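This report refers to the structure that appears directly beneath it.
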Amino acid sequence: MSNFPWLTVAGAIPLVGAVVIGMTPGRSAPGSPADRRARDLLVKQIALVTSLVTLGIIIAMAVQYNTGGPRFQFTQTYQWIPQFGVHYAVGVDGIALVLILMSVVLMPVVVLASWNDVEGGSNPAGEPPARRSVKSYFAMMLVLETMMIGVFAATDVFLFYVFFEAMLIPMYFMIGSFGVGQRQYAAVKFLLYSLLGGLLMLVAVIALYVYSTHGGHQGTFLFTQLSHLSLSPTVQKWLFLGFFIAFAIKAPLWPFHTWLPDAATAAQPGAAVLLVGVLDKVGTFGMLRYCLDLFPSGAHFFTPLIIVLSVIGVLYGAVVAIGQRDIKRLIAYTSVSHMGLITLGIFVMTSQGQTGATLYMVNHAFATGALFIIAGFMISRRRSTLISDYGGVQSVAPILAGTFLIAGLASLALPGLSTFVSEFLVLVGTFTRYEAAAILATAGIILAAIYILWMYQRTMTGPIKPEVAKMPDLKGRELWAVAPLIALIIVLGVYPKPIIDIINPAVTKTLVEAHSTNPVPPHPAPAAATAGTTSDVRHRARASHVAQAQAASKRVSVTLRQRSSA
Amino acid sequence: MTGSLASASTIAAPAFEWGLLSPVLLVFAAAIAGVLVEAFAPRTLRRSLHIALSLGGLAGAFILAVWLGATNSHFAGGRPGTVIAVGTVGVDRPTLFIQATILVLAFVSVLLIAESSHEVTSFTPQAAAVPGSAEEREGLLAGLSHTEVYPLTLFAVGGMLLFPAANDLLTMFIALEVLSLPLYLMCGLARRRRLLSQEAAMKYFLLGAFSSAFFLFGVAMLYGYAGSVQLAAIATAAQSGTASATLLYAGIALLGIGLLFKVGAVPFQAWKPDVYQGAPTPITALMASCTLVSAFGALFRVFYVAFGQLTWDWRPALWVVAILTMLVGSVIAITQRDVKRLLAYSSIAQAGYILTGLIAANTAGLSGSMFYLAAYGFATVGAFAIVTLVRDPAGEANHLSSWAGLGKRSPLVAGLFALFLIAFAGIPLTSGFSGKFAVFRAAIEGGALPLVVVGVLSSAILAFPYVRVIVLMFFSEPAPEGPVVVKPSAYTGVAVALGAAVTVVLGIIPQPLLSLANHAATQLFVR
Amino acid sequence: MVSPAHFIALSVILFVIGAVGVLVRRNAIVVFMCVELMLNAANLAFVAFARMHNGLDGQLIAFFVMVVAAAEVVVGLAILTSIFRARRSASVDDANLMKY
Amino acid sequence: MTGSVHSALMPQAAAALTTYHATGIQDAAGLLLAFPLAGAAILLLGGKRTNSWGHYVGVAMPLLAFAYGVAAYVQMLGYPAAHRSRELTLYQFIDVGRFQVPLGLQLDQLSICFVLLITGVGSLIHIFAVGYMSHDPERRRFFGYMNLFLAAMLLLVLGNNYLALYAGWEGVGLASYLLIGFWQYKDSAAVAAKKAFIANRVGDVGLSLGIMLMFAQFGTVTFQGVFAAVPSASHGVVTAIGLLLLLGACGKSAQVPLQSWLLDAMEGPTPVSALIHAATMVTAGVYLIVRSAPIFDLTPDARLAVAIVGAVTLLFGAIIGCAKDDIKKALAGSTMSQIGYMMLAAGLGPAGYVFAIAHLLAHGFFKAGLFLGAGSIKHEMNEEVDMRRFGGLAKVMPITWVTFGLAYLAIIGIPPLSGFFTKDPIIDAAFAKGGTSGALLGTAALIGAGITGFYMTRVMLMTFHGERRWDDTVHPHEAPPVMTWPMIVLAIGSVFAGGLLIVDNRLLNFLGPVTGVPPTRHGLWTWSGIVALALVVVAFGIAYALYGRREIPVTAPAGSPVTVAARKDLYGDAINEGLLMRPGQWLTRLSVFFDNRGVDGLVNSLAAATGGSSGRLRKLQSGFVRSYALSMLVGGVLLVGALLLVRL
């Protein structure tokens, strides 16, 4: 492994891009409208190139990642605020790596998808947003990218917190300045809600530091050192809560979710993708990385509660999604449901659940991102977000409808598409420990079919509504924005192993840190039979099993209930 | 006196360490020189002389303070400093830090006061003229200005420097009056909205006098208890615990009233919104930054030095005060419509956060609070500086509704104001976050975790009014007859730039100042 | 026999009278005088305590306080006069333009 | 019930199941998936460019797959019976802790049956569709979807673990969704497609929970591993797995109570109905049960449930079939009913597995034949499907009449056609089960056979015989050869398949190693077979009396309550609507309301409360300096009091 500061460089590039954009002549500079358009185009091109370069660097880094290597790789540690034991410390484990990959993949897509949004391209009523500065929109987007990389790469709790909170500001302006509809209300709600959670976390962050100084140690925020801190169970509970509430709001977990539909509806599609695709994941990532690792006994204490909330979220989000009339709101509520599954997967404390949850974070970003983007393209044509204003789109714009359907099917976790693998892993991981939760959550897949297919039926199929009759199909830039996501959805659905192989070792280490082990099946299959087909000939006599069955039935039957309470 | 007496018994002249007091003395000297300038210099030269004298005096004092801290033998090799002037003044590390902070903030505030643009200047030409009278109009037309402001400011700053340094309560009382009396006057000197200004002066004066009566009575009680007004003597007496405890605790409480009044803690905060609103904005900036620093300095010294052994006795009461201060300040801020009142309530809540540092009762609390005060002081001066720039025909456009759409009219000014608000809200990468982090950390170390939880809840509440201002500035359409942002002279420009730069720098690389504060606080105050 | 406690009691009574006066009187000058009364109550206490402790500090402080009070009067009257000239009223209740 | 009692009663199970690595031709079994998948990819991604030649690709791929299937079958025949189960792993799909899922294929006797059926009948239907869809501008897309279906269906039957099976399972659901809604511009088609998918999803929940339970219990989801471990599990667990699998089967195979989607699924183009909703996909439930034989062998309770579901459905579908005037819906009812027979057979355990598969294969021929015939008619009759507007078509469409008629004779079980051979063993085995349940199940199967005779005769008579009732706007004549030839091939299959499979116990011997061997049957004629045949004859008589001799009104008569109920699918939709949809809508509305007013309302009212308290608190700032002084004094007194109190 080279000593090249991959993460720092990758994180700095978008920031540099933002600065470059900031130095281009602005709207107030003299020139004709054509000059202004040319300047805007330049800004967009800079943003696109910057995000692509970042993507390239992260990919170059990822191929060097050693799945069997140490937990954190590409690490760098420098003192930042020695007074508080704060370091500029970055590094990635498998979980962080895939989330960074996800973020940087989304970014060029979002830039492409947002190409005309500042000019009002996606606004329902057609009027441009209150603020039309192409410069500031794309600059904020790039600043956000820096923070996204930073928040996942930070291995210092303080640094993480800084990115966690600072991310709010660009997103706040992206919603409030460039959004549509009730953008002010949504932006303020988003900011205050997140800030409240963040501040509670701040208390816990500081307390964690204070505890790290006990026993005469030099206090530290370095994750690797904090995770070896021995805290009393009571302390763990409180600190866990401090972190968890912040993450639950961010994720969002039921019942802290109501900011999300408002924010996602008010944001431009591209911003909504970043919001739901990446920012939400910071919450679940935080749970996995910080809540479990730093406060294992706190996590175990609250696990039942969180499982209940997650399951409620899964079903509730889905049911409420079914009842929505607005496309973007509907998609936002599906995310509430999916994020419930992710938290469920994290807190069942099985390697299947957590690997599935991590994979789900990635897949959900792509699937929901594609949904938002394609819905945005559709909205930009018909100038309405109401489902009832559409109908028969498939007949006039088959590619738009087709990609929307694929994204929708990914959202309902159809096998062959990426989300299936993650959803099934979460559910199967849940089932091994909490059957009831798994059964209820699995019922959610029916609801998922209802909300996706009903929306598809009402918008895309049926007789062509006059207003959509002239709707052009996706082309050019739009296709380039959507195609990578669709391709990823399919490829990761068919062959998820490479990414699972990155995630799984990290999850295994997290599980160890969280003092959890996978439940052992009560009646494991003989080793030869479980190993798949790779081993040699296997033989089994049916008759002998009949005898075994007789013996088994005489034993005291171990019921499901007994096991789940054990 | 006769020579024979002198020869009979030599009275040792009291040792008076002029060197260690030089920053304070320089400021007072500059103030007196200012009075002379006011008296003798020709009118055309007066203003320039005053500005040179004030800025020079403050800068010189700052350099002296830094130089003292760096070179004086009382601080060399990690020594804490010393008590000087026959035990009346303590010059120690925290004091020097606080004094230096006050001097820098006062320097920036004087930049605001010195604003030369005719449009922006904040002071009435003739304080004695009746508002709306012909006399006043004449003064305005003649382009007069009240240059007495400069010596008054210097006197106030001198008092502020002495206040946290005072090692006995009498000195502290005198310093309190020296810093307060000029401020009372300056509050009434606003150029526009003079009735408000006069009302502010009267309220501040009456309530200030009222509170100093409490302070003084508290001093009397403590004197009765300890037989001395020296902080160290009181601490010694309290440790031995022989005298009447009633006197002691009544004394602590009464003294506390006077000090808490100055920092604006609930329930002694009522003056703050009215006075901040009515006073000329540069004076508000001076009060919101320097006075707050000074008052907290004194509060820390009294509670750490004199009552340091009694932590467990005064803590519960201060817990209540801190909680009330944080919550009342932030909750009332929500419904404010005037930007200066909003900043006043915000200042009340911020005082609450710093109180948690006091309650921590440890070195981290002191250093964190000192850092917080410096960080907050710069942001607040910057914010008030911007308030002076947003104007309509009637003067400053303080009503928030007229700030709507400012982000479109003047993105730079609105952006800077948003930066200060974000710093007040404590978002990371701004100085406000570093400061909050420092005091809350100390409070948790000091066992005040619940207080910190209240603190963050209050911060979350307080974020709302800030966010609303940002929403108004950036997300709303500008009002058609809205205010304009005037182009200031270099004075205000420098002040804003300094405020913004410090806010950002302390957010990203707080360590140097933190080290300094920590270094200053390691041994607390000398006794 | 008059013990220090009596003096202290008197000073507390005077202090309370002053404080109550601040609350109940409307005329700004009278309010200010009540504050002066509170300061003088403190002075009385200082002197009494000085006797009690057999020191001179308290008496010395009383002089300081008197000087400070005088300075306060100067500033206070200046402010009150200017207000009176503008409003033709010395009632503290009339000055409530700023509230809430 | 304890396992011991029943296992003692169990017929002789398969002696051994040994799995070997696939070699030779079989080692390339991935081609079975690759061919149709490639077809789908070319057609769907290629877009309009492939319009002109796309259907050739669409037909070539199933044919290639069929050819490969035959080759693999031939290779399998070369192995001794105990060595015919072959596996290969394409790649590791999921590898998380104990959850190791290869994308593995299993070529054994059971899956090869399905492979041949799917690719064989599938190829024929594809060929038919070239003609049938020739006027549709979206024919290319149609073939894309059909190829996609084949790929998914082949994955379903080839997967060597339950997760691969599940992937195929949902994949065919998707293809079914796409194809039912192929004419999506019709609201009815779009709604039917969605309904089919959702009803299937209910079943899928069962299947996926079953898989999870297997993993939780056995730590694996491969067939091998699960079957090896299942005997050690408790009876309750095994029954739970069985019932969950049954739920899955009910959804996919349109069994009561998840039957309602199948009739609406006839909105799809007729080749779709033939392939997916008659011959292959809907039989996947039967495949699942039979494939899971080692599980069901251990749980008589779950088996009984399977049999009951099958029996109820076979009557349910048959009754519906009697009342439908839409030829496709009548045939759909018949499909439900016939799959009911298969489920019933599968529910009988080793005594019935083979017969279930035999009936399934024979049904694949004759039902596909019937549907293609119906499609041919519909094609010629301007998309008319109401049999009351048919009549007398035998003269104008002779080939269709013959092929349809042969399939008709096969389905009602006239010897020596297929249905006779494959249906009777099921009825017989049901009675042989013994006890009350056996008698009831057998009786249901017998009655079902009779009703089958009635409704199929009704279809036959109303369509091909009697007066012509179509108007002059249509000019029906025989379909082009590209459509008739597949019908002819299927008709031949309808005639001979049953006999080929049953006589000499061919299928039984072939499948025995996988499914276990039922008790030996003696001779072809059993008393139940004779009774069934008699019932069919009686039913024919009644049908002839009602529809052959009388004028058939063009508008349907009111009919008896039973008829009305049957026309309304025995109120299946009404029940769903009353029990699920309306409460669901109500719940949805309530949840949305609760979310806006409750959860969000709480957040907003918390904010409002803070704002309100701010409004009240600021009133304390009255502007009067004396009140400020009062607050200071009160605060001061409290402070003094508090500090003094602390001391006390």
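For clarity, chains are labelled A, B, C and D in written order, and residue numbers in each chain start from 1.
By our rule, a contact is a pair of C-beta atoms (placed from the backbone, for glycine too) under 8 Å apart; a residue touches a chain by one contact, two chains touch by 3 or more.
Note that the structure is a prediction, hence the values are computed from the model and not measured.
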Between C-D and A-D, the pair joined by more C-beta contacts: A-D
Chain nearest the overall C-alpha centroid of the shown protein atoms: A
Whole-Å gap between the CA centroids of chain A and chain D: 35
Rounded Å distance, chain C centre to chain D centre (Cα mean): 96
Interchain centroid distance [CA atoms averaged], chain A/chain C, Å: 66
Centre-to-centre distance between chain B and chain A (centres being mean Cα positions), rounded to whole Å: 46
Set of chain D residues in contact with two or more other chains: 607, 618, 621, 623, 625, 629
Of all residues in chain A, the ones touching two or more other chains: 192
Shared-contact residues (touching 2 or more other chains) in chain C: 19, 22, 31, 92, 95-100
Chains grouped in pairs wherever the two touch, ordered by label: A-B, A-D, B-C, B-D, C-D
Contact footprint of chain D on chain C as seen in their complex: 19, 22-24, 26, 31, 92-93, 95-100
Of chain A, residues touching chain D in the complex: 189, 192-193, 254-255, 257-259, 316, 319-320, 322-324, 350-352, 355-356, 392, 394-395, 402, 409, 414-416, 420-421, 424-425, 427-429, 431-432, 435, 438-439, 442-443, 445-446, 449-450, 453-454, 456-457, 460-464, 495-497, 500-501, 504, 508, 518-526, 529-534, 537-543, 545-546, 548-550, 552-555, 557-560
Of all residues in chain D, those that touch chain C in their complex: 618-619, 621-626, 629-630, 633
Interfacial residue positions of chain B with respect to chain A in the complex: 407-408, 422, 425-429, 433-434, 436-438, 440-441, 444-445, 449, 452-453, 456-457, 459-460, 463-464, 467-468, 470-471, 474-477, 509-511, 514-515, 518
List of chain C residues in touch with chain B within their complex: 8, 11, 15, 18-19, 22, 28, 31-32, 35, 38-39, 41-42, 45-46, 48-50, 52-53, 55, 57-58, 61, 64-65, 68, 71-72, 75-76, 78-80, 82-83, 85-87, 92, 95-100
